[in-house]
Amino acid sequence: MIRIWVVNPNTTASMTEGIGRCANAVAGPGTEITAVTSRSGPPSIESHYDEAMSVPGLLDAIASGEQAGADGYVVACFGDPGLDAAREVATGPVIGIAEAAMHTASHLGRGFSVVTTLARTTGRAAELAERYGMQRFCLGIHACEIPVLDLETDPTAQKVVTEACRDAVERDGSDAIVLGCAGMAEMCRAISAEVGVPVVDGVTAATLTVQSLVTMGLTTGKRGEYAPPPPKQYL
Amino acid sequence: MIRIWVVNPNTTASMTEGIGRCANAVAGPGTEITAVTSRSGPPSIESHYDEAMSVPGLLDAIASGEQAGADGYVVACFGDPGLDAAREVATGPVIGIAEAAMHTASHLGRGFSVVTTLARTTGRAAELAERYGMQRFCLGIHACEIPVLDLETDPTAQKVVTEACRDAVERDGSDAIVLGCAGMAEMCRAISAEVGVPVVDGVTAATLTVQSLVTMGLTTGKRGEYAPPPPKQYL
Amino acid sequence: MIRIWVVNPNTTASMTEGIGRCANAVAGPGTEITAVTSRSGPPSIESHYDEAMSVPGLLDAIASGEQAGADGYVVACFGDPGLDAAREVATGPVIGIAEAAMHTASHLGRGFSVVTTLARTTGRAAELAERYGMQRFCLGIHACEIPVLDLETDPTAQKVVTEACRDAVERDGSDAIVLGCAGMAEMCRAISAEVGVPVVDGVTAATLTVQSLVTMGLTTGKRGEYAPPPPKQYL
Amino acid sequence: MIRIWVVNPNTTASMTEGIGRCANAVAGPGTEITAVTSRSGPPSIESHYDEAMSVPGLLDAIASGEQAGADGYVVACFGDPGLDAAREVATGPVIGIAEAAMHTASHLGRGFSVVTTLARTTGRAAELAERYGMQRFCLGIHACEIPVLDLETDPTAQKVVTEACRDAVERDGSDAIVLGCAGMAEMCRAISAEVGVPVVDGVTAATLTVQSLVTMGLTTGKRGEYAPPPPKQYL
Amino acid sequence: MIRIWVVNPNTTASMTEGIGRCANAVAGPGTEITAVTSRSGPPSIESHYDEAMSVPGLLDAIASGEQAGADGYVVACFGDPGLDAAREVATGPVIGIAEAAMHTASHLGRGFSVVTTLARTTGRAAELAERYGMQRFCLGIHACEIPVLDLETDPTAQKVVTEACRDAVERDGSDAIVLGCAGMAEMCRAISAEVGVPVVDGVTAATLTVQSLVTMGLTTGKRGEYAPPPPKQYL
Amino acid sequence: MIRIWVVNPNTTASMTEGIGRCANAVAGPGTEITAVTSRSGPPSIESHYDEAMSVPGLLDAIASGEQAGADGYVVACFGDPGLDAAREVATGPVIGIAEAAMHTASHLGRGFSVVTTLARTTGRAAELAERYGMQRFCLGIHACEIPVLDLETDPTAQKVVTEACRDAVERDGSDAIVLGCAGMAEMCRAISAEVGVPVVDGVTAATLTVQSLVTMGLTTGKRGEYAPPPPKQYL
């Protein structure tokens, strides 16, 4: 049995449900998915401030996972908040959905386009692409200016995202699309069918990456930078 | 049922057997592994010439896989020979073992070391690290000067590779090791236990990457560079 | 009058005092320095976890600075925690001490060495060097394995840091040294005298950078990524 | 008392006057600005040839500064001519205005645009951005095709430059503007007010950078590449 | 006497004739050109598959050259297929036409544009530019969508290529053009006259590069990666 | 008849003679070499100051070449001083010896080492390697601490340089050596024979590069950055 905790670092439970459905849809028969909502922080992550304020809640969720015996973790926000800290704290592997989605898309051709929510988040996406070595595959990052929580409620959302994907493929000459928000996860197959290129959702990609790492017995190297943090008195 | 063909692009059947065992050890219950030996080319791949001459046999194996209904392919040589051509020819995803191993190791910390066979192959490994965007994680590439086929027969081989891994971790300050040859795949767990860092074998990593891609319904983008090659009269 | 808040993002008040002395020593006659200690978080920052947990306290201090009419901010920890979020929240410029120290050192020659506390923090320092474009000047990052708070209390600390600086210059062939911890700030001139190369302390460098920016009427661009974060209900 | 020589490496005295005004406007109360015009070379610098021919005059001015006891130098041409040679010759720090402007702008957001005079100078600007590590922040370099000396005399100049800045921000999505010519220095605040983003003038930025370095007791490292040049018989 | 073998790695003899004429037009009086057509593989190289399948024929031609006492080799296809393997096998230097053309064009200004045949080959051209260090000079790669063999037969071909070159110079602001196919070699001078920028053909550039290397007594370093491949039993 | 001017930008005539002999030794039968000594500047170039002061003399020599009908130019100092300015001024191509040597060496394997005179010049060599895109091939730059003019007079010079080359190959694992000074040109073949790797001298490499460019009818693109400089009143 592989126990994967998929942590939604915002506080919106309905979004966690969608994330959980996506993770469960791809998990192997021996894998148990636990989708958890952060207990503190912002309802959606759309700024560096939101991201910073979401990290303590994320780390708290990981501490709970450790106590519950989780084998690995998905950080289900496209800014991959708190990834380094989470890797120090967790015993098993921790994968961000931007990380997993970009790596996955790099296997599908010469390059991919990212389609995300608000333009103000594209800087972080570019930074992550560089950090993961995926900059050379990332041909463009495009915003469709739909706030994260409107993805669930705005009836035109899927259409707008689909059009943004179609445009991105045209402009960038890309071989694949990466969806830049956990809230887009359930649109993935429909957009791929519409646009005619492979479309990668980070929630499913990260779930399978964690499942693969646990299957191989691999986890974060713990001899140096990612050793457990020295215990301290926190105020 | 997911059908994965794991192609050994050299002509040494005993090596294919070890590769097949590794792939089967990690494949999910719904995955069927077919390990095949190339019908033409060199018995081991230790030069650019060997690599070039292995590609027609590899592509022939993939053509067979297409006829047999394979869902995806692993190219089981650390030089990832013929990867671009294979992606044009195959309907499903194709993953090289250097590609998969490096991507996997990048999830485990700040950086990894590669330990491979002959020094003359380190140039290609460095080139692949760059191509996959993994250069920033690849802290060193080390040869242990054991020819590929001696890995099976030399009784000191595993000890020599283990020592090379230990040295590499020390010198590079790396968080993980990548084994740079399909012939080292079965040493993976033992070396990890000895050296105390995660050790990544590309055969298992690539098998699980292909399995994940097929599970997600993803394959090479086919609208541009990787469209099927135009048919021609070959001499 | 230019009001600069120098925020120590750890909770150790004695360290804030040293930081304040360094900032005051270089501030112009029309500049008022306010050195503040974070009200929450770790007593020292020596892991990604510490860093992540220090950010809410830092952002809280910046909110207080905004109310008090601060013209600009220094983030006085060499990991530059929360810099992006702070730039969204603050009206005036915000500068990290790693940022300021590396930029400053790049004006002094072909390249510099960083000498820092614990080896586990060198990964973040390298990441920051890349982010700031200073990677090409950063010839080496060296740890002296003195915990942050021991810099104040260990009577051999200055000697150990000085030796590490001397070695770094020799090994890297560097033109200057960057001290990789706010706790080393007061050692700066003595080490420079001993080792014979310019030594840059980030606290003074960042204080002067903020003072210069305010003098020029410059602050973070607020039309895009760094616009104030949209207000939300935080749990 | 900090004595800063601001050297205009072209021979046009009226331009030196504007440069001097800009430097004085930001210098601290304890700083004395000496603005000097080069005694040999071209009246404006608009080609690699102009730039090369300006360097002996610049170095001659620095030699005069050394005799007069200057504490530091600004090279007030956006091509930063002769910077390496000047650093060998001068005892105190030497800063180019492109160098200072780009570093300064990098503190203001994700990226900046450069707006300069003639298109034929954009190649050097790009080269400098790379040399200073600022390439990742430099989102575009735009020419407005006004010759340097016309900036003083053409009544439409400021309007044209302002429009070029507005366009650049739009096209590049940049957070700030860098003015790419010392002759634009006095337009800085007006353009910022018009366009609504921070606008950086290199003359003021470099003056404050030199002032800060001298305040910190920092100068070019003199143990290696930038040691005084060995004396020789010049023809 | 310098004997240069110019190998056309496709099987179309008429194309070899044009290539031979170009090489002869620039070869020095002491240089003998032998233009050879590959005995196996595709009639034109327009996919990764074509390229992979051309390599054994190319290596066979080089083996023939070795027996005939060739002093050096040109690989006359813009994908530079089999270059590494050819360098192991040949005693003298081996130069690809993309390699030679890009290096040559880098001497002519700040940057060049590549104009090639089919869009699906631009990915490889970009990869080669990176491999040769020419990425910083390569400002754009443009396809004119004429299949390789149509360059000989389509009466509008030269006009289409010329227009693509004119557009490329305009769009990229480039100083020179590189023709991205051996089949374009004989159009070179006419296009240069039309477009008014230097136009580089790789066949002539590579021929002269090989001639220069042989004149200087230089060949591939043979102590490491490019030593002759160890002999093996090929199937 | 191809007329190549090989300009020694220092004022030491004996060095020009050696340079002329090297150029003549490789020039084709239809090529006439004119080796000229700069009329102003330093007797050797060993600092940024020397380099800057050599440029007006170099440009003066090129002006003379233009009047005499030169078809192309070699700048025979490893710092490639004044290259951009020379390209604006000259009608034909201009090649620096560092440029030519590095490009040439990149054809000979995975990477080369540079062996030069004084350590203080290695910074410029590294900068040129980057500028030419040759950084990825340049595995190390090593000084043997022999001043330029001592190369002619010190009886141990060739031995010292040879040993430095041998060490460099060992340490860097390089396939070839680049000699980093025009004064080493005549040692080239002897060192290659001793050390057993290809050794590249920039004077011969640049002479043949210019000869090849003129043969192909290629010169600097003149439509943009390298158009003739606008005429001005110089003081």
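We just call them A, B, C, D, E and F in the order they show up, numbering each chain from 1.
We adopt the following convention: a contact is a pair of C-beta atoms (placed from the backbone, for glycine too) under 8 Å apart; a residue touches a chain by one contact, two chains touch by 3 or more.
Here the structure is a predicted model, which means the values were calculated and not measured.
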{"item": "Minimal step count in the chain contact network, subunit A to subunit C", "value": "1"}
{"item": "Far-end chain from subunit F, centres as C-alpha averages", "value": "A"}
{"item": "Chain separated most widely from subunit B, comparing mean CA positions", "value": "D"}
{"item": "Copies subunit E and subunit F touch via same or different residues, half shared test", "value": "same"}
{"item": "Intercentroid distance (Cα basis), subunit F paired with subunit B, Å", "value": "44"}
{"item": "Separation of mean Cα positions, subunit E and subunit B [Å, integer]", "value": "31"}
{"item": "Multi-partner residues of subunit E (each touching 2 or more other chains)", "value": "87, 110, 119, 123, 224-226"}
{"item": "Residue ranges of subunit E in contact with subunit B within the complex", "value": "11, 38-44, 46-53, 55-57, 59, 82, 84-85, 87-89, 119-120, 122-124, 127, 130-131, 224-227, 229-230, 232-235"}
{"item": "Residues on subunit B engaged by subunit A in the complex (per definition of touch)", "value": "26, 28-30, 87, 93, 95, 99, 103-104, 106-110, 132-137, 169, 173-176, 189, 192, 196-198, 200-201, 204-205, 208-209, 211-213, 215-221, 223-226"}
